[in-house]
Amino acid sequence: MKFEVFVTLKNGVLDPQGKAVENALGNIGLSSIKNVRQGKYFTIEVDEHNEEKAKTLVKSSCEKLLANETIENFKFNKIQ
Amino acid sequence: MSNVNLDSAIQHGLTKDEYEKILELIGRKPNITELGIFSAMWNEHCSYKSSRAWLGVLPTKNNRVIQGPGENAGVIDIDDGDVAIFKIESHNHPSYIEPYQGAATGVGGILRDIFTMGARPIANLNAIRFGSPDHPKTKYLLNGVVAGIAGYGNCIGVPTVGGEVEFDSCYDGNILVNAMSIGLAKKDKVFYSIASGLGNPVIYVGSKTGRDGIHGASMASQEFDSNAESKKPTVQVGDPFAEKLLLEACLELMKTGTIVSIQDMGAAGLTSSSVEMASKGNVGIELNLNKVPCRETSMTPYEMMLSESQERMLIVLKNGKEKEAEKIFKKWDLDFSIIGFLTDSKKLTLKFQNKTVCEIPISALADEAPKYRRDWIEINKPKHIDIEKKLIDLNLEQTIKNLLSHPNQADKSWIWQQYDHMVMCDTAQFPGSDAAVVRIHGNSKKAIAASIDCSPRYCRAHPYTGGMQAVCETYRNLCSVGAEPIAITNCLNFGNPEKPEIMGQFVGVIKGIAEACKKLNYPVISGNVSLYNETNGIGINPTPTIGGVGLVKDVSKIKNLKFKNEGNNIYIIGKTLGHLEQSILCYDLLHLKKGPPPSIDIDSELKNGLAVRSLIEKDLINSCHDISSGGLILSLLEMSISSKIGFTLNTNKKGTDRVKFLFGEDQSRYVIEVSNKNKDNLENHLKILDVFFENIGHTSKKISIDDDLKFDLKELSKINKEWFIKYNN
Amino acid sequence: MKANVIVFPGSNCDRDIKVALEKFQLKTKMIWHQDKEMPKSDLVVLPGGFSYGDYLRCGCMASKSNIMCEVIKHANKGGFIIGTCNGFQILTETGLLPGVLLRNKKLKFICKYVNLLVENNSTPFTSKYKKNQKIKIPIAHNEGNYFAGEKTLDELEQNDQIVLKYCDENSIVNNESNPNGSCLNIAGIVNKKKNIIGMMPHPERCVESILGGTDGSGIFQSLIN
Amino acid sequence: MKFEVFVTLKNGVLDPQGKAVENALGNIGLSSIKNVRQGKYFTIEVDEHNEEKAKTLVKSSCEKLLANETIENFKFNKIQ
């Protein structure tokens, strides 16, 4: 089973990368692009046929590793 | 399997003659895998077909050289059973296409060359060259390359201690990324790539093989056209973490006495590593490609042999030592696979799914590779040009400010502060000085000094002089800190060698390097050639990057370029004639690009260098800086800015003579700072050595030149530091 | 005094810190990350480097390795722990110290000597310094931008947990002297019990004048006191 | 107008981060998670009311900055 996982910075956490991207876009003439926030995107495969069980595994990888909940949120979707 | 014919050979970058030679050598048509292997081994990057004939001119020996060119890196004796191992390598084309990964894998590649030989890398340097700062790609390339070098070197934990950077529109379409690494080993624990022992197992260790970089080596040997983007997928991605593990695992394995020979998989991956090992040992090698650890499914023999996936090594083990070796690689979480063995067939034999997919005599791939004596034309020293007129009205105050704020002379800390230059806790002289100094770990006194230099504008004007000058400049930088120069490595970056002018540049430069090395007893022990640095017919300035390495016997005595106190005397060692053609003043500031470069008198180079070293040895001077690009004035200003101590300079000259005195780039000169206490002693000493010197002023609170020029040190410092920061904001 | 230095794959300041510890007569053992047991020691050091390549988030994967259970036990017993650079990142990922280290504000790796103000000298790691002493120690990191929520920052201040702050030549703590964007210019903090310190600067890099300074010595001298 | 942008490594391009994450998941007992690939996820706002124009701008930021097409692919969706 295949999932996609999104890890994004919580509101209020400064995102210097997003800021830098935004500035850089401005510099190359794309100044109408605003509020860039950068996060992480994973695709993962779970060796598990039961969807519920697979989801529990994905959730637990997010909590234990993929996201740092002090600063990040996560969500995920089944894609296959 | 697709049918091989002349067309497919040409697509692989081979010429018609070369294809016919292949047919003759193996007495049949090659299959596609074999064709790929030939093309990889016979391209410029691996075969040195255009350059090999000339490289033989270079002197490669002195009493400290243990291994000259021909191995993964050169080896020099630095006493007490220690050796230093070093080499420089180019990663120009990949870095233009993908600056971060190109530069990162360049660093990764040179590091492997060093640790394959049993050395722990202790210092990295780099020489990077970009197009004009106004060119739309320059900023992106600069940022990517610097971040890539930093990303790889910092992660693996080897300090990046020096380098150089230059901007010139000749690199607009062909940036240069040359990476150098220095390692340390014990004299009796150096490893070589000569395979031996029939039946000995051949093992593959490191990361898995993917489809990355297939045909990278051929890419590095092709001239760019504006379609460069379409060559994109050949760029490899580096994994410095994997390399760190590979480094530790290899050094651990090397302690066990199980290795016969070892070779990293660099350009042309498994092909060149297996062929080179077999060729050097005059043996055959048989590999079972089904055993190659692959990252992707259904990889073909062709792909496996030509992949340039990073962080891989090929090792010939002593028979029966497989288990012992495997344990170490498993501990470090690396792939380990016995993929073949040595044979007496003197052939490269490849099996895949129980079929023989390649059978080529090793000699056909290596010794029989084409060698060309390309046509070349001698490039003579250009005539002097009349520059007086341009100098008469020069506003000196403004010109000095322009010099300090020019990207080529601006403070480079924006770059080297992105590099961890202190990790390993042995860096005794940071970047920002003439030569970096790195201690020999565990030895409280001994250290290695290194410097990387080239002045391509000199090489373009007169290749022979330029080649000599690059060698001499590293020599001078080593002497400036008090090191004994020992040997060099060189990276020869040129345009298309099929053009006689370019080949003429190449020949001239090589002869110049050879001459300087011979006279200075400063041989070439390793190097790399990068040709076809040309886009749409416009070639780069000839750029022979020289990396010089020296030995410091007592690290507590080294000197740097910072003024130490106010009220000390300032001297120039060496004669100032005021040669301005091809100087920074003419070339970069006034855009006058004609005329000969300053000439080099090797006898003075030797004598002045020795003198400076003996002054440092006797502790008679407080600081020392060589005079190179930018002339006397730039050297003084750098000494000032880095120390926040000013100087009072008395030129005793007027008008254009003064301009020449300040900006002239006469060679073999140094600025030194001497206390009143040591003044007489120093002068006597220099007289005995028969060295030309002159007292030109003293250190002071402010900066002033003669009676009419005064500068605010803080302002100059700001101008000098600002350029990189503003440019990259 | 005995010290254990934990070696993760990708650590690269492990040897450096061992040399420094031994210079100050601490008996030092290197401990492999996969070990499930750790010999008794007074001090545990989490060294700098790029553990597990620092992929994902710095220090994150190291914080999950076997040996960290032992390190946590050591912490709970009141043993001393120093985490420098990557070690600091590992400590925050493990939760032994609050907050997190984000990417430097300017998104560049920074390696240079910086000025630091000793805010708290009543910890086992800083007793050899004077309060408000200005010291110079190098930093070398890409992710040293200390971040924590307001509540945590308040707590850190109230409990005197902020040990080192970035400052300038004249001991002034301000935006200009903040190299990486850290909240409150924080360069190093301790836990409430003050037996664990995390700091971005590398004290092991300045214990000999030939390397550019000796201000790092204070950390080690404080410990052996 | 708000968009989300996905930047992922092309097939066959080495993903050292994904590989390391996968190993780490294995180490903490989540070995049923396989084939981890890590990419970037951006949310951006475009100051433009015409959807077609906005999309052109987003595409051009991807091509010029967000993705390096040497090794990466991108896709994007309108989310608001």
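Descriptive notes on the structure:
Chains here go by letter, A, B, C and D, matching the order in which they are written, and residues are numbered from 1 within each.
The working rule: a contact is a pair of C-beta atoms (placed from the backbone, for glycine too) under 8 Å apart; a residue touches a chain by one contact, two chains touch by 3 or more.
As the structure is a computational prediction, the values presented were derived from the model and not from experiment.
Among the pairs B-C and B-D, the greater number of C-beta contacts is found at B-C.
Distance between chain centres (mean CA atoms), chain B to chain D: 36 Å. Spacing of chain A relative to chain D, judged by their CA centroids, is 9 angstrom. Taking the mean of the C-alpha atoms as each chain's centre, chain C and chain D sit 34 Å apart. Within chain A, contacts with two or more other chains are made by residues 64-66. Within chain B, contacts with two or more other chains are made by residues 239, 241-242, 333. Multi-chain contact residues of chain C (touching two or more other chains) are listed as 52-53, 55-56, 60-61, 64. Contact between chains, as defined at the top, is found for A-C, A-D, B-C, B-D, C-D.
If you check the complex, the residues on chain A that touch chain C are 13-14, 16-17, 20, 64-66, 68, 70-71.
Chain C contributes residues 9-10, 12-13, 15-16, 19-20, 48-50, 52-55, 108-112, 138, 140, 142, 202, 204-205, 210-212 to its touches with chain B in the complex.
Listed in rising order, the residues of chain A touching chain D in the complex are 6-8, 18, 21, 24-25, 28, 30, 32-48, 57-58, 60-61, 64-66. On the side of chain D, the complex with chain C involves touching residues 16-17, 20-21, 23-24, 27-28, 38. Contact residues of chain C toward chain D in the complex are 52-53, 55-56, 60-61, 64-65.
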